Amino acid sequence: MNYDELLERSRDVAARVLGRGVPADYIPALACADPNDFGMALATVDGEVHGVGEWRKPFSVQSVSKLFVLALALAHGGTSLWRRVGREPSGNPFNSLIQLESEQGVPRNPFINAGALVTTDALLSLTGDAQGAVVDFLRAESGNPDIAVDPAVAASEAGHGHRNAALAHFMASFGNLHNPVDEVLAHYFAHCSVTADCRDLALAGGFLARHGLRADGSRLLSRSDAKRINAVLLTCGTYDAAGDFAYRVGLPGKSGVGGGILAIVPGRGAVCAWSPGLDAVGNSVGAMAALEDFTERSDWSVF
Amino acid sequence: MNYDELLERSRDVAARVLGRGVPADYIPALACADPNDFGMALATVDGEVHGVGEWRKPFSVQSVSKLFVLALALAHGGTSLWRRVGREPSGNPFNSLIQLESEQGVPRNPFINAGALVTTDALLSLTGDAQGAVVDFLRAESGNPDIAVDPAVAASEAGHGHRNAALAHFMASFGNLHNPVDEVLAHYFAHCSVTADCRDLALAGGFLARHGLRADGSRLLSRSDAKRINAVLLTCGTYDAAGDFAYRVGLPGKSGVGGGILAIVPGRGAVCAWSPGLDAVGNSVGAMAALEDFTERSDWSVF
Amino acid sequence: MNYDELLERSRDVAARVLGRGVPADYIPALACADPNDFGMALATVDGEVHGVGEWRKPFSVQSVSKLFVLALALAHGGTSLWRRVGREPSGNPFNSLIQLESEQGVPRNPFINAGALVTTDALLSLTGDAQGAVVDFLRAESGNPDIAVDPAVAASEAGHGHRNAALAHFMASFGNLHNPVDEVLAHYFAHCSVTADCRDLALAGGFLARHGLRADGSRLLSRSDAKRINAVLLTCGTYDAAGDFAYRVGLPGKSGVGGGILAIVPGRGAVCAWSPGLDAVGNSVGAMAALEDFTERSDWSVF
Amino acid sequence: MNYDELLERSRDVAARVLGRGVPADYIPALACADPNDFGMALATVDGEVHGVGEWRKPFSVQSVSKLFVLALALAHGGTSLWRRVGREPSGNPFNSLIQLESEQGVPRNPFINAGALVTTDALLSLTGDAQGAVVDFLRAESGNPDIAVDPAVAASEAGHGHRNAALAHFMASFGNLHNPVDEVLAHYFAHCSVTADCRDLALAGGFLARHGLRADGSRLLSRSDAKRINAVLLTCGTYDAAGDFAYRVGLPGKSGVGGGILAIVPGRGAVCAWSPGLDAVGNSVGAMAALEDFTERSDWSVF
């Protein structure tokens, strides 16, 4: 099968399970998403782009932004970042608070909320504008100037952000946030509220498939650092389901509660699948099914 | 560089850090190991075998056996095993007990002690002889009939086995052990006490590089199951350092407190490095350094 | 009201709520108890004994025995026992395992199962016969020679004792059990399986009301130690409901899943209430209600 | 011995251990306290007041204020408060966060920080001025109009209040704070920063010794509620050392990191001891020693 046939097949497989997912409902902007929406795009390292379904329909990237925040913080500031955030799986949700306490305010990895608050704080210190850095990078890699923060979503996140405020204050009590808590939270809510589509994200993830090279051929990260981000994505990128995602899909990937999942195939390309309906741990049911089918049928797996 | 040059280089890199490791000392049989020992072997899917250092010196495989117990239990009994053991990282050591309680006696994954007690119990039910099944498999794959349980080590493990007995009784209280606790423990201590060398283990791990095919070409596991074991190895195979191992080495791997680490390169081969000195979390300092160097210099990484 | 009127009133109050309790069902011997049974006895420091309902019907004392094991271990061995067991509330059930791990095998207090295994181990070392020491003490204080271990209950406890075996092995791994795990468990299951009635227990608890003096006037414990056991009973005697028991009843007390609760009024006497139906945390619904009513109406409260 | 002799004796006992304590140092206002200061006052239910040492030297009451916040919230709002805060010991410090998560934002008891934030929020809703209500009450009961919030201490607390902000936001995420987080924190920091002396606090605690009656004879709380607050004080009033405090002192009591401890003897009176040097869990070394000696020598113990 060629890429288009593979994508169509994956869409058909996903279609059967869309009804099992439920869109995130903690903020109105996400709750009103249509659970029947499904899109998927693939971008190869040599420039091919393929898509199926609603692959050009913008959605809220949510936690997928954490991948870009990490990469940009490492690119601007180097590996000293790893003194402030770990790279081990967090085990389970409530564990994260115990762990923050027993490990002196150092979050387990950059893809749980606490860790992304630290990388956001670092990127803010390094660039003066964490959210702007993320938006600029996404626009440049995808070639889509329309990518932007949705202010209504960001405001809504802030209005429901007591949990993240608790995490931020807790880390601040250990001295692991360097900027004022309110500023860090504002940038965090903003970059989670970026709107983009499957094509945009597949293109923007290309630097991890190209071993650190940006779309224009310039180097963002060393080959070694790109490899390492992929490793952290595989072990920690999908919250409490990282093991299950590795087992079923077998790729480094990052999911968001907007329903998007961006997966990387080192040396080959990047795939982004999206559907708003989530499973119990917050991963898109349709995107998971599509990616699982895709890697089972293609040779796009790392294992 | 060819394989022999790569191995020699990795040995040189490892040599510099051997002094930082300390052999396990909870039982005499391990405590008397020579921390300066180092060996490494590589077996490709097309039959080449290369080695360096003490690659033919037998050592205690310890937790590396958990990989074979899982594979054999899946091969004999199928995927219903996953109802009794999860495949998510455990987060951190003390978490495992809380987690066993809150998840009703189902261990997080087959590579923590609790999980390996469950897979041992399953293999015991399926074959009537869990330790025998492991030994037979290792002998067949490696062609080395001298591989055997070291009875002195097994006795010593049993004599210091209160922690594992606690875990076993705890799971039995949830009905997640089907054989008598004492029998399960005996088989568990036995297969951990198998003695083998780097060459043996690199050959025995070949089925995971060959997508499920044994050394004689017969199928042990489906391609999909082999891929999935590799995924679980990568996310959970090196205890609390799975994230760090993925970050530094970037391969599915299983470590043991005897100092051995067996790593898999899907489609390419398997590598076993060994040195008795351990770091704080129980992984061999020399083996980690050698494997990290090897994957940095070769193209043998999954990322 | 005189004591008999107070007891009758408390029985009437208890009668209204008996239907809300459910007898323990983890072993058959307890499951077949009649949830409508209720008894209550009061023994004053000056020798008066009063009773109501089924106060002379023997029942399984279960965890109430932990009070006597602690007192005897302190009487025989002195306060060095507190190096092996703490005297702080345990917070909540699953916490006990985390706590055992983080506090190196030292249980939080002598009234959780782990703590009572340690005091049983200590009493076994000190007397050579922990269960015998408990039975002898109960017989002597109550004057009832028929008090004995029910072998059927003890066997049933042992057959369902994986949890306690797990705790015992776990503490043994820290060196905090000095006798073989199996022996400690046998004595523990035995003294939990003692059969006695409300009158027996009220009399046997008298030494804590008499500031350390036994029924025959001899001294078991110093005034200070008796006061201190009462303090530990109040803060830790009723598992996860110690706070609620203190709030509602306001007395030092020890409950058991057989449905008995023995409460102490320092300087005044001891009260034992019993009814087999338990609430969600394992305390007798009827006994709690009766004791709460009794202390509200009498001046028998410490607060 | 009469009261004055008892107090002098307790002061002498305390004097020997003052050097073992260290004043709280998280804010400058507390760090500069003189560790050799010691004061103790006793107020009986029939109006006698006795004191020794620096009993008229004002200090920062800190967590002792939590007792008054609870009493006033119950007095104004009734027992529905117990739906928002529990009355069980919290076990250990880090447990409180896990527990907040697993018990849906309901703190274990009103004397841990999380619980006192809830009672402060309740008192704020009920009176419109939580800190004012506390100050007014303390002035009225002690007859000392100089009792007031120290604004420098309050500002300092706020500047180091990330932990409490984290707890407040976390509970707000469960809907268990009804006023804006910033307002609740401001009132909380204010009432913790009240300055009073040993005499003031011993007099202000009298309502709990008088079974609910205020100094002027009017009723603040029912006899039953007063008894119950004493019970909660005994099981939860001294953080992670509640068991140890009950064991050594045997009285309901509340400590603060300013070095004060207020203890209640139901029906008899209240005692306040103070010395700035703290032990590892935050209780005053000198005040603990003095209270332990006092209850050992007097008959002022509940056990």
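When the chains are written out, they are named A, B, C and D in that same order, and each has its own residue count from 1.
Everything that follows uses one rule, which is that a residue touches a chain if its C-beta (ideal position, glycine included) is under 8 Å from a C-beta of that chain, and two chains touch if they have at least 3 such contacts.
Note that this is a predicted model, so its numbers are computed, not measured.
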Study note, to complete from the structure: In contact with chain B and chain C alike are the chains none
Exercise for review: Can you spot which option in A-B, A-D or C-D is basically B-C again, with over half of the contact pairs the same by residue number?
Suggested key: A-D
Point to revise | Distance-maximising chain from chain B - centres being C-alpha averages | key: D
Check your understanding: How far is the middle of chain C from the middle of chain D, if each middle is the mean of its Cα atoms, in Å?
Key -> 32
**Study point:** Inter-chain centre distance, chain B versus chain D - centres from mean C-alpha coordinates, in Å
**Key:** 55
Review point. Using mean CA coordinates as chain centres, what's the chain A-chain D distance in Å?
Key: 47
Exercise for review: Mind pulling the residue numbers of chain B that touch at least two other chains?
Suggested key: 98
Practice item. Specify the contact topology among the chains shown, as one of line, ring, star, complete or other. Key: ring
Check your understanding: Okay, what are all the chain pairs that touch?
Key -> A-B, A-D, B-C, C-D
**Study point:** Footprint of chain B on chain C - complex, ascending
**Key:** 94, 97-98, 101-102, 162-163, 165-170, 172-173, 181
Point to revise | Residues on chain B engaged by chain A in the complex (per definition of touch) | key: 86-92, 95, 98-99, 108-109, 224, 226-228, 230-232, 234-236, 240-244, 246-248, 250, 252, 266, 296, 301-303
